[in-house]
């Protein structure tokens, strides 16, 4: 067991990764809930939407990756494209 | 005392130096003599220009015979400016020429080469400075004969130089003959050879058919000399096969002197009121200039030899010059005059850079410049700078020329011509780009041991590149002189 | 005289002495120079110094005010850090050009007239290209060539604009300019090239990753920030810039996602950070300009930090491509840590430098009521976090594909990274330190519950998204490839056009020649029938034809004249 | 009436010669015919009272250029290559241009019209003032060497340039002398004797033409050509080597340059007397004496250059290849 621990560091073990993942879910939930417990200083109406920032961050990232995947189909070229 | 004799010294100094240098046995001595003489000549032309700008025109009577009977030298802003271009370029070429000529001409011919160079130099200056129509012809003959010989001397590098020189000789002689026939005919109807006198006595002869024939002969004859499209066929080969230093010199000066004569005869001798002048400008010069701009540039794209490519580009550039004339407006003629100067600078720089490549590689083709961006960085950088100027990139002299041309075409209400000017510059981008692409983006062929050109060639080249940029930024001086010249030609009060 | 010596000049002149020294002494001089310049800057009072009158115009080499001070300060700090980072390097070309480049940038920040600006502007271009060429590879040579063309082009356009501007107004002052006509448009265009505006940007991603390990770090600090400074100085409050900046903040991230070379990913992120600054300049209020200055200050630090980390990885592991890397955290724990600090800073995690600066710009945008831009910037900062806070550390240090074993970065690199990290954290923890040097009075509280929580929310959800995408293998694979960008226009499209035009003309010519040849052949055949066996077209043909032309021309003109 | 008849006859003869030159394809006869053409032109010029020009035309056109063309023929083919292209288009163009030109001439002043501008504007002064201003009877010489002396300096330079050109392009390729060359016309005893007898008088005549140019027809151009003709005859008959021994190529080259220098130098001298360039009046005690001396000197310069150019051109041409053997004549 000790040997095993030496071989695969903590961070690379399957179970722990899942825990990190779960931890993230919990942190997100906590932060979303926190929205209800403090005075949010807002400029735009939309900011008052619960967990607005979180949702924006999430959507932005997912959208970004999906958008990039699509664009990549058009833009991707071999590494020696210009050297030909 | 000397100041008084400056006009004649401008010609006599190189003219007498020519037979003197024929006594030199060694090329080095002849070269020194030529260098000193040309530099002195340049100094004289600077002094003359300064004086002319101060005092208006200068007149000098040869043999002290009063004007219509004797020969008169008459210098104003127009020819003082052209004198400056010719003597300046003639001087710039000499330091460059030494190594290049030692490489490209048979050793036993090198001393006499400088004699011939001085003759050509004196001839060009002589045809520009004079106020006498026949005297202009005589000096045109001197410069032409010398030029044919200079071109033919390229035979050591490439035997085709001989046939190029022969073609040039045939065409040049026809041009000169037409010119002298024209002068003979105007003499017949006016009885005088002095240009100012001619101008006065041609008034009232608008309907005289002999004068018309003379006009046609003179325009066609000088047109041939200045390589007006489609009479340019002698030019590409002559430029391409001449020794490099000669190419630089004649490309920067010979056609300039012809353009000057054209301006003189069109505007000073026959005058803006002459009935067929407008007709000639609109129906002959404008279409031929436009044709030259496009056809010659397009031909340049296909050239494999860079000298030849630049030569075709010269034909196109002469198109711009003639286009400026065809507007017959102050702005148009300013464009022409300033382009004479600017084109000498840019083609001088370009041909010098190409000459350096020829020296190192024996030829300058698209193939032989491959990878030169690294092995001859200074030479290629000079070529790029000259090329940018040729295209007309802002901050170079090329831009100034095109600016005035476009302004002139807009001013005359012929805006499609302005569009065509810009379009034809784009063709220039293509042929210059071909060289740049080969030099910077392609790999040099295996086993090439190239060196940078010697300093004696690089310094004049970069001197011209510097001038390209300097006069591209500070066009005050050139445009002032060119403007003054244009107003003089059009008889407009300054 | 010494009292008025411009700090930039100290660097430039001093740099020229470097090759004279023995190799082991050079780093000490190199360190002394920016330190001396820094001391000089701190002792100079605000105002105009070192004025030279030439041709009736006064050239101002030293103008110290709030804006120039903060940029000059951070430039010099960056120069110090670069020297430490490059301590091990023994390449006089890089050493000299790096310092001259820094000196030129510092010099440009302090000038008070456009002509001197142009001089330093071009000097930065020329000095910096050697940092790219110092890689001494074919690719780097070409990329450097393209970089140089673009940079010199920017300078030339700037000069053209300056000249026209002078013609129009008679002024060469480097101050606020109104975007009214061609002259100022040209100047803005020149700034825009250097600032990597959308479609003018590609020189950055093209060239930076080709530079040397040390070179990229140096490059990341100066050129674009100088452009941002110039924009802030001349075009603050130009509405157009808000939109340009917004686009700049978004679209490079898309490229970053699909890019494999991590240094190039950073180059895209750098471009995106510039977008935030350009938006700030476009808004132009004191708060926004403070934000721009703060962003430039912090940005130089954390981007340098990230480039340093990636440089260390490249230096030790031999590659900076995502597809080649992984698992380095075991070999390079310190570097990993510093990279995370850099990632946290750039993603504006509270208590790190980026948080202070980005909040200011966002607040200024919100204050101005530009809600679309505000949304875009928020989304972009989530994207930045996603890329630099998560992906770069993950790809370089934690990903599992190849296990690379190598040594930790050299001590001097670690020291430079460490100092930079400390600065990032210090600014994040004591923002007042930064506030003190900003150009305008700061009246902005950054650590409010609202700011902190919302920001954490944004980041946490972005991290969640990353982790989900990664787990579900939706995330684009890191494979060796390149992506087309605007450089395609001049590397492919234009050459293709030239080719097409050339080929087209050649075809036309061939056809014309072929047609002419058919006719010529018939003609020759005709001559052949009449004149016997020697009917070959000789070389005299051009002479003959020209003479014919001459005669035709003469005849036509004559007839024309008679009719007239 | 008789004048007009002679003019017409000569012109007709000229046209006929020109036409037959066009028709010939044997280059040898073309060369001979062009010699004839020059002779007829010279006659015509004599009849027009332009004796100076007639002199030059006879010596250069009929004499030396024929010799040079023959030497060239020895290097190239004897027959013209047949024209390879249709002559129709050029013919039409030339015909039309000719028509247009003839139409243009209809406006010219009539031949010999005393009221023509040529006779009323500049010329009268030359005619009336030459005697007092220059002091020599030959007005042509006065105009050529003094009133428009600078043009003549230019023309001399043109000839000098041509000479330099020949030296540059051809002299380098002269072959080493071989034994064969000297035997050229050794057994033509009559020719040798006649030539020897003639050369002296020809040289003397050249000197006469040279120095008598102020008073009668003549001057540097004509004298130079005649002088050169004497040499060329000598070289033709006794061989190139003999001629080279008499006047070496190097000396010719010096004379070539010295002539122009002399002309140009005389002009420079007037500077030292505070006069304009080529103002000879400074050279003598009186203005006319100065003019006289000046004209004499510059004409001598012209003569030197012209004769040297002719001789060196012949040297260069004749040195190119084997001499023409007897059997080929």
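Chains: A, B, C and D, in written order; residue numbering restarts at 1 for each.
Here, a residue touches a chain if its C-beta (ideal position, glycine included) is under 8 Å from a C-beta of that chain, and two chains touch if they have at least 3 such contacts.
For clarity, every value in this text was computed on a predicted model and none was experimentally measured.
Asks: Hey, which pair has more contacts between C-betas, B-C or A-C?
Replies: Here the pair linked by more C-beta pairs in contact is A-C.
Asks: Measure off the straight-line distance from the CA centroid of subunit B to the CA centroid of subunit C, and report it in whole Å.
Replies: Measuring from centre to centre gives 44 Å for this pair.
Asks: Rounded to a whole Å, what is the gap between the Cα centroids of subunit A and subunit B?
Replies: Inter-chain centre distance comes to 70 Å.
Asks: So how far apart, in whole Å, are subunit A and subunit C when each is placed at the average of its C-alpha atoms?
Replies: That gives a centre separation of 29 Å.
Asks: Once you find the CA centre of subunit A and the CA centre of subunit D, what distance in Å lies between them?
Replies: Their C-alpha centroids are separated by 100 Å.
Asks: Hey, what residues on subunit A touch two or more of the other chains?
Replies: Expected reply: no residues.
Asks: Would you give the residues of subunit B that are in contact with at least 2 other chains, written as numbers and ranges?
Replies: Subunit B, residues with two or more chain partners: 209, 212-213.
Asks: Which positions in subunit D touch two or more other chains at once?
Replies: Where subunit D meets two or more other chains at a single residue, that happens at 101, 103-104.
Asks: Every pair of chains that touch: which are they?
Replies: Chain pairs that touch: A-C, B-C, B-D, C-D.
Asks: Which bits of subunit C are touching subunit B when the two form their complex?
Replies: Within the complex, subunit C contacts subunit B at residues 141-142, 145, 156-157, 159-160, 163, 495, 498, 501-502, 505-506, 509, 539, 542-543, 545-547, 549-550, 553-554, 557-558, 560-562, 564.
Asks: Under the touch definition given earlier, write down the residues of subunit A that touch subunit C in their complex.
Replies: For subunit A paired with subunit C, touching residues are 9, 11-12, 20-21, 24-25, 27-28, 31-32, 34-35, 38-44, 46-47, 51-69, 71-72, 74-79, 81-83.
Asks: Under the stated contact criterion, what part of subunit B meets subunit C in this complex?
Replies: So the residues of subunit B touching subunit C come out as 163, 167, 170-171, 174, 178, 209, 212-213, 215-217, 219-220, 223-224, 230-231, 233-234, 275-276, 279-280, 283-284, 298, 301-302, 373-374, 393-395, 430, 433-434, 437, 440-441, 473.
Asks: Taking the complex as given, what residues does subunit C use to touch subunit D?
Replies: Where subunit C meets subunit D, its residues are 523-524, 526-527, 531-532, 534-538, 541, 544, 548, 551-552, 554-555, 558-559, 562.
Asks: Touching subunit C in the complex: which residues of subunit D?
Replies: 81-86, 89-90, 93-94, 96-97, 100-101, 103-104
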